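Each of the next two complexes has chain A plus one other chain: chain B in the first, chain C in the second.
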Partner chain A sequence: MSKSTLSRSKPYAQLAAYLLFCAVILAVPSFVTDAFLLNKFARYLALGLAAAALALSWGYAGILNLGQGVSFGIGAYAIAMHLKLKTSPVHTGSAGLPDFMVWNNLDHLPWFWQPFHSSLFAVAAGILAPVVVALLLGSFMFRARIAGVYVAIITLAMLAVVNLLFIDQQAYTGGFNGITDLAWLEAGSVTFDPYSPAFYYLSAGALSLCLLLGLAFTRSKAGLILQAIRNDADRVRFFGYDVAAYQSLAFAVSAGMAGLAGMLYAMVLEFASPTFMGVPLSLSMVIWAAVGGRGSLLGAAIGAILVNFMQGSLSESFLDTWQLILGGMFILVVVFLPNGLSSLIGILADRLTRPARQTPDTALAALSEAPRAGRTPS
Partner chain B sequence: MAYLELHGLEVSFDGFKAVNGLDLAVERGELRCLLGANGAGKSTTLDLICGRTQPTGGRILLDGQDITSAPEYRRARHGVGRKFQVPSVFRELTVRENLEVAHSRHPGPARTIRLFPGIRLDRRIAEVLEIVELADELDTRAAFLSHGQTQWLEIAMLLVQDSALILMDEPTAGMTIQETGKTSRIFQRLRGRHTLIVVEHDMGFVREIAETITVLHQGKRLSEGSIRQVEEDPKVREAYLGSGGISHA
Partner chain C sequence: MDIFFGQLFTGLSIASILLLVALGLAIIYGAMGVINLAHGEFVMLGAYGTWFLQSQFGLPLIPCLLLVFFMVAAAGWVVESTVVRFLYHRPLDTILATWGIGIMLQQAVRLSAGAELRYVQTPEFLSGSIDIAGVGIPSYRLFILALTAALLALTWFVIQRTEFGMKLRAVTQNREMASCYGINSARIYSLTFAFGSGLAGLAGALVAPIKSVAPDMGTNFVVDAFMVVVVGGVGSLIGTVVSSGLLGSGTAGIAFLLNDTLAKALVFLAVVVLVRFRPQGLFVDQRRR
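On to the complex of A and B.
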């Protein structure tokens, strides 16, 4: 909540924070040369993008999407299909059938795989296919005025359905194993080896671009109307706004960003798997966004990066107990910072700029603490 | 043909007919007061006109167009604005943001995604702020406003929305005498430029602003006319016998 006062009254501070973050992530390869680390960071950035996408629909529009994995997974499979086709001639001869299709006795490439020979088509599909799915699902849900927890249930069910579908259609999707053994993406003369600075820049560039476009979106009047809808959807209708259209828009923009995140994720891991559409990953994204602050795209992205970073380092040093430590951290954040880590900035800024405007509770607490702590009440 | 016409309007909630064959015609620029006891169907009538409730029978014509089954946002675009009985503003947003949302001349997402509300106020918003005296609270979140200020904010939002037809449900509820006086001055300003339908219990206020009064009783129109005509109407006297006439409704 303190975020909303901060973001509206200090627009330039907010823009500066976003630009600073972009500058920092883009500067990483100047200091980190270890290929393994760069790959790991690129993976965190991809997950950060997925969390930022979730913050857009959840934090701004109040649409809690528990099935973010649908968009994320479709994006991942779209790029994986392209990259698989690039390796196929190497593996199975010039007929160019992906290995798992051969194992499933397919004798020719299915029609919907054909256009994925083009990298441009694959990238476009990775973003637009989730957008189309989201628009269809969104217009069905939001025209029917489904809201709140029911949206969460439907998106979760959608996730389960899509996940099952991809596992079941083994001949076309690689089933449980997913699509493995991927080539590297090429654009012009650049090859995006996932362990190279080039790939890291691709991830960091995509995240930066999405964050800045997302910031523009949330600060536009449409973004304001989305916040009003989150507050009181009925009231917004009486001002002449088509609430369902706005909700579908936010849902679709979020899906496109998640699709892009999925593409990066598949490229960084060099495979696409049905676990990308699994319930655990989608729920994790919700946690990342909650930890970082769902009211801010940047906060959610940082939350995802931070949690994954901690997960990585904790699991190396505390083999048995790292999940306990991480769980404890989630609880601390949710209890003491219900709006996530990003609300810390707002709270600090409030403290520094106008100490006079304390709520009676904190003022009293400060008074009673003051003698013991030996400082004057501010 | 009148600007707003209700023909045999009817709505039933689980068999209870809250509005039961209501006919009403309001001319453009008119200020109409709806009176009646609790449960007479006043607020429900406003709900039916603005689309919050779907009628189970009858027709609503606005400026010659049938809007009986149009969704709320289309009616709003046709020029229907609504103030609710319980002040209904966006509590998480600031006063400035509330007014910006209410300023809805271009409601489509294709347009609003390219609009960036700046620090500079729209002229219309600045004008309205002046009237309702909220200029000092621009960056206050609506949740922190007092009850009276919240009422004013919602009225300000309606003024910014600039609807041709404004439906007001008890605009002076919870207001002090001074505030009520100010509201009635605003209504005098709106008269003629906007068509207003006002549900109000405060008879002093009604006396100040009303031209024509429609009295509802059990979801039907009981009487209509100037305040004197209505007060002397034997049907009204009969319906309100025991409660001391309409002045005590």
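On to the complex of A and C.
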């Protein structure tokens, strides 16, 4: 894998790339003043965060999670419940019941909705609830040494289960329509109007923080063990490490990040809907991460932002053809560039530096590197 | 008693459609290890192919079936030889690439046939219902049931009793060895993929009269079909049959007690638990490694 050799030889270059990206996204409001554009960009950043979260579990730990929408959706619903409670008195009078509950003949707020009056609780729930779900599902799967394709199938089935449950429990979740008409989040004196620079900073700040923390996590001992598990779980197990615990950890960290991404996404769109937990969105996230580069958090985030930016800036008439191009581009990347566009940088860097120092030493190193280079994370 | 028979038949009917859709997937996944997420789109292609033949040339359903089988099989053959062929050593990447193919097929159909729902007519002699044990049963559902059984028998025959089937089983067991004995494994894989896709197309043609035909109809089918294949066990035809029976009757039974949505959710949850404890499926063929 050229990416990991690159990061080993140039750890500072990698950190610099992350910092540069964070600086760029945080500087955007200084150049863009159009509220509509800022809102769009904030949405792309939220999706970038979801893709980065996926890269953490998929690229680093080898857990292909086709049900990223579970965490994403739980995060979205957690914040939507809070924002709905803030808005509902305006819509339904003094009882303070959200409109869809009134339509479903509920006469009082269900107990599990009560704590969502507090914004702090809602934000905590949006991150911690996915973490808990992921820990439970993770230890359920990984203790039985479920791996590879079966992880993909279980997570896909879980996505379907959660999606159907949220649709079914109409009185508590709004059913097919989801939770609509949300208020704006308030923290102290700041109101996060999704069309304001304040909200953009919230989105960009969350993505920057998660990317840097995620980078630190992948560089930590746990991160290295996870990469070892990805390459050969049995070998790590023979060394005496608790493989299932590490896999659950990566799964849970990824879920927490995805929950945060879901919260941002619900706030920027001002609704939460069961489509957040639909199969197409979760698989799209996999596509974005794969296009950008599953082996790099930054690559995955940029992949998501790029794909959505291109999609969002095309005219309506061209949008139909775009899906065709997207599918084709995706197939090309999977077949020819399994580590995504970000691996291009590593390949180019190798090309540029190799002819300069073609000594016997490096030639030998390249030879011994060769059998491993063919191995892709799966 | 009527209710019981009614439920039993609903279960059988759901199971037969599940089996119909899962059969092609079971062959492709079982023999080649390719997770074909474009399978649902092949079903969709079959449904649209039927709609097209019916609305443009006025062909009745039965002759459509044969044509649709070969049309979708050809599409599968093209997909195998342009994309899937390069991914046999990377099974997880087949998930991604075939999803990309699915997106393209969906969009291509949306562009050429329009996004609105299409309807396929049931043949007239199958539009009535038959009275069995005091329960009125739509004859088209019976027709599907019978045809599914026939297709199952055909598939069994192809795999167990033909030269192609023998080569396929050899390649499945050990591709290198089979190649050493002069079997053209690339050709066998292409044909297998085409056969599985053709079966998906047939499934699409058969469900077209009872479900609405839309470009994104495949997504639900593919998830259901996967659950069937995984529960039944990879590479086991009997397993696929029994698991579609189990999932079908389970869905029908729970739906009768609760509702459709919860039934599906609970059945999927049961699948998750089952995969956790028996990832090889209920009926795994022990000879396979």
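Simple rule for what comes next: the second predicted complex is superposed on the first by the 349 of 378 C-alpha atoms of A that agree within 3 Å, B and C clash if a C-alpha of one lies under 4 Å from a C-alpha of the other, contacts with A are read in each partner's own complex, and residues count from 1 in each chain.
Definition applied: a contact is a pair of C-beta atoms (placed from the backbone, for glycine too) under 8 Å apart; a residue touches a chain by one contact, two chains touch by 3 or more.
As the structure is a prediction and not an experimental result, all values here were calculated from the model.
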Determine, for the superposed model, which of the two partners chain B and chain C contacts more residues of chain A. C
Should A:353 be classified as contacting the first partner (chain B), the second (chain C), both, or neither? neither
Looking at the overlay, does A:114 come into contact with chain B only (first), chain C only (second), both, or neither? neither
Is A:231 touching the first partner chain B, the second partner chain C, both, or neither of them? first
Using the touch definition from the top, say if A:217 reaches chain B (first), chain C (second), both or neither. first
Check the residue A:241 against both partner chains and state whether it touches chain B (first), chain C (second), both, or neither. first
Which partner does A:150 reach: the first (chain B), the second (chain C), both, or neither? second
Looking at the overlay, what does A:324 touch: chain B (first), chain C (second), both, or neither? second
Could you look at A:191 and tell me whether it touches chain B, chain C, both or neither (first, second, both, neither)? neither
Could you give the residue numbers on chain A that contact chain B in one complex and chain C in the other? none
In the complex with chain B, residue positions of chain A that touch it: 1, 4-5, 8-9, 217, 219-222, 224-225, 227-228, 230-232, 234-243, 245-246, 249
As the complex stands, chain B meets chain A at residues 50-52, 71-74, 76-77, 80-82, 84, 88-94, 96-98, 100-102, 104, 107-109, 112-117, 139, 141, 157, 161
Taking the touch rule as given, give the residues of chain C at its contact with chain A in the complex, in rising order. 35, 37, 83, 86-87, 90-93, 95-97, 99-104, 106-108, 110-111, 216, 219, 223, 226-227, 230, 259, 261-262, 264-265, 268-269, 271-272, 275-277, 279
Complex interface listing, chain A residues touching chain C: 64, 66, 140-141, 144, 146, 148-150, 152-154, 156-158, 160-161, 164-165, 167-168, 279-280, 283, 286-287, 290, 320-321, 323-324, 326-328, 330-331, 334-335, 338, 376, 378
